[in-house]
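All chains are identified by letter, namely A, B and C, in their written order; residue positions are counted from 1 within each chain.
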């Protein structure tokens, strides 16, 4: 019998963790990535990774509280058992990363240092300098390279995932394209793990890397995989607007006394320093006298958004406001915020110690994603417990297997057998809003914990249905033919002469980003969403007529890009439709026409499905497993049952 | 390994060769260079080293006297001189040949990366090439007696070390000839390059051997090497200038004194050692 | 409005600048230069200008052409993908601000692919040699497996800072592009005897500094003693000057120089 093989698509934290776990169990892994895996988007995570630790535990913290915070932060939209499992498993992940050599910051005594992060009263965030994500992915990349050197892992870098091969209801491989030679070919596998991250590029510019188009997820979606909570898109309040992307500005800039303002006069042309105090509109301080500039993240985001988009008062007529630190002592700023101010200076060329920064909220993370299943673990209380009081004794210990059944083949498997979704690309764990420093955790957790599930699935399926190499070749050839036809259709549009903006894929993408940012981020409303849906339809129609400008049969980047634009349009449609169906406000999803959370009707997952016949997206609501902890009002103003103090949350480093 | 029949002798001994290359640059070549330049520069300071003997002499006369005495001592008193010389020649040949191989493994890029350190990288290689040419000329003409390469055809002799050297640099007894000037300039260039090569090599050797690890240590050692280089440069230049400007006639007077002869006696050993002196 | 209008950089708003780009259609094809006129947006960097060119690929003299191909990822200087040679020097194009490089109307910026790696197309090069070399020196910590075995070794604050600095290497290749000793080598069979360059030396040092990683130190030093190892460094120290992450590469080189010296003596006396 040939060696069992699994394909992992995506070489970020989730994909690499899965690769390592599978390789270790003796399964051969073919790892596909559009970039050398070391350059995956995980490198961008700055803040840290959460886990209960000994110090916090002795102060009253517990894995259970971490679980409760995550559910609460996610506004009770996440299915609870997997989150419990993740929180319980988290300390083991930190230990493992530590063993792999991640240079976690250290205390004077040589233990791992911790920092306070939004959403908790306890220091539970482990970090490595200002580039924790980079450090974690490098550690996993090194381990994967070790397996590659031993021949257990084969890397396919600069290969783009095109379509899953599904035969008899199970996934038996993929079709992918070499981005250099443009060769399209099928690969057999006993199981496929999608670990392809988020879809920030649907919004044009976001904090995401250029590869985060969501195209891979969109292709699975179109092939029949369900998509959960597409409307749940996290927006980070302070990012640096750039011509090419939006870069994070840590929230600690506000915590250290940064003041947010716009000129009172629309179309002001004076330099900020020349605008007298009386002509500056410190809108957060005026509208929220109690908290001023350190209002919670979602409020800051909404206000900045409204000042610019609805009231048109953005600096220089653009979507941006001033975040001003120039009134503070430059030396103090260097000491407290040196690193993050350097980032601004590097990418804007302006020293924020002397000139106000320009910032704007930016799309940052997709809580939603491919819909996945799990098998419940052993902890099944008779009725959900009331919310956990911070620092109180945890009702249960942190043994593994209470949330999800370890090794169950269906953990994080999509509705298609043998097709898994790990990391940001799935919809589990973060509900309606992700807590800072939980993203890295969920990615690695999926890879390690659910990697075992893939292993078991492969052993079972091979025993019952045989290996993928017994699947008839026709199943693969059909998908290859489909993708070749798709390519031919697009390539045939290449012609001489200028491409009219209307049918230029770059222009279509740009307009999609603008529309999605305006209608589907911070503030949504029924009528606006309807308008957005029409706009997406129009863009889809234009895309059907799109024209390309490069006929090269070698490394045709603009072709790959154009094809992804088509997939982004599909995801956009799911996001808009999901937003429209959810007639409430929850977490990152805020509807002006339904400003309250409505548990009775909407404590449910929006599940988007794609109908290949009509090419239409439909959305239905599916109940959430809230059997562990009772929902309660999410309130960070300082008096809440969850007990998280917003002031601390806002003052702590950015949740990234 | 790319080689299917296993690593070659060169590959197996790669590290040893690299480190021997580094080592030979310091011992014996570098040590010899210091001794050589110190001795040669005594043309300018030798008077002060003569203690009582130098009392009545002018600066140059004293220098010549001291220098000639030192050279005589080296050539007549130092034991196993030939063995020392062979060791030196072998070391220089080894260092030169490997140096050329190593230098050819890189490609200078100072036009794009015009950093001082990068210039020194390039200069280290250029100075190596120039140094090889210079040492060959220097040894061939003055030690092996390849007179045809010497303007004026002077044969150097350790009995008349100062005067014959002056003649070799000047091209004639009458004064500086055009060829003499070129030879002298070549000496200036050669000495400059070798001193740079040695001082910079001392700096890089400390990194190669891991003596200076931190950037600050490398900076500090760099200053020490600059100091060593400056001192040797001074010694080297004063030697060349001193001998190029030295009057062979005056020098020979001192040499004869040292040999216990009258100032006008004709040397015994070889009439060709000194060209006919105008009466 | 131009971002620069309200800050210390005096870039001319509404200006048009020129990009001279060294292009190549694929491996084995000849290189050629093309010029493009771009009116940079507010806060533009080289990458955003390339995006502009890709959307409407017309040369400065009005000829329609193919979009320029380049490699990019995070756009915030942590992934290393978008490295290219800008005005003669290697750097990331995402952090290369046009206001600083071409502040006046008519200013020119030249873009070339890195010269030490084979060109895939235009500005995109194949840096797989860098990843291959990481395998050569076993740049990893040899852990027993991913199952729970407790925490890793304790480590002093100073040691962590030393390792962190080395661990920020994003495999961008600037140090190799600037290194006069690291030369292009298209034949992958020769990579194992060609100079590894500062990137790998820094990584080998990083793993030798880790308590568990040190278990492979001897293997790493064996490789670095051989042809293409640390002795091939020519001490031009360009690497440390062009490193965008300011990694103290030359300190790693010196530390490895010491380590191989000690290792070789030890090996001579103790190996069987």
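By our rule, a contact is a pair of C-beta atoms (placed from the backbone, for glycine too) under 8 Å apart; a residue touches a chain by one contact, two chains touch by 3 or more.
Predicted, not measured: the structure shown is a model, and the values here were computed from it.
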item	value
Central chain (by mean CA position)	C
Far-end chain from chain C, centres as C-alpha averages	B
Chain pair showing more contacts of the two, A-C and B-C	A-C
Chain A-chain B separation of Cα centroids, rounded to whole Å	69
Cα-centroid distance, chain A relative to chain C, in whole angstrom	27
Whole-Å separation of chain centres (CA-atom averages), chain B against chain C	42
Chain B-facing residues of chain C, complex	88-89, 178, 180-181, 183, 189-190, 192-193, 195, 225-227, 229, 231-238, 240-242, 248, 250-251, 253-261, 264
Contacting residues of chain B [partner chain C, same complex]	1-2, 7, 10-11, 14-16, 18-19, 102, 105-109, 112-113, 115, 117-118, 120-122, 124, 203-204, 207-215, 218
Sites on chain C touched by chain A in the complex	1, 3-9, 25-26, 40-45, 47-48, 51, 54-58, 64, 66-67, 69-70, 72-81, 94-95, 97, 99-100, 120-121, 124, 127-128, 131, 134-135, 138-143, 145-146, 148-152, 154-157, 159-160, 163-164, 167-168, 170-171, 207, 210, 212-213
Sites on chain A touched by chain C in the complex	20-21, 24, 35-36, 38-41, 43-44, 92, 94-96, 98-101, 103-112, 128-129, 131, 134-135, 138-139, 142-143, 145-146, 148-149, 157, 180, 209-211, 241-245, 247, 271-272, 316-318, 343, 346-351, 354-355, 358, 448, 496-499, 504, 506-507, 549-552, 554-555, 557-558, 561
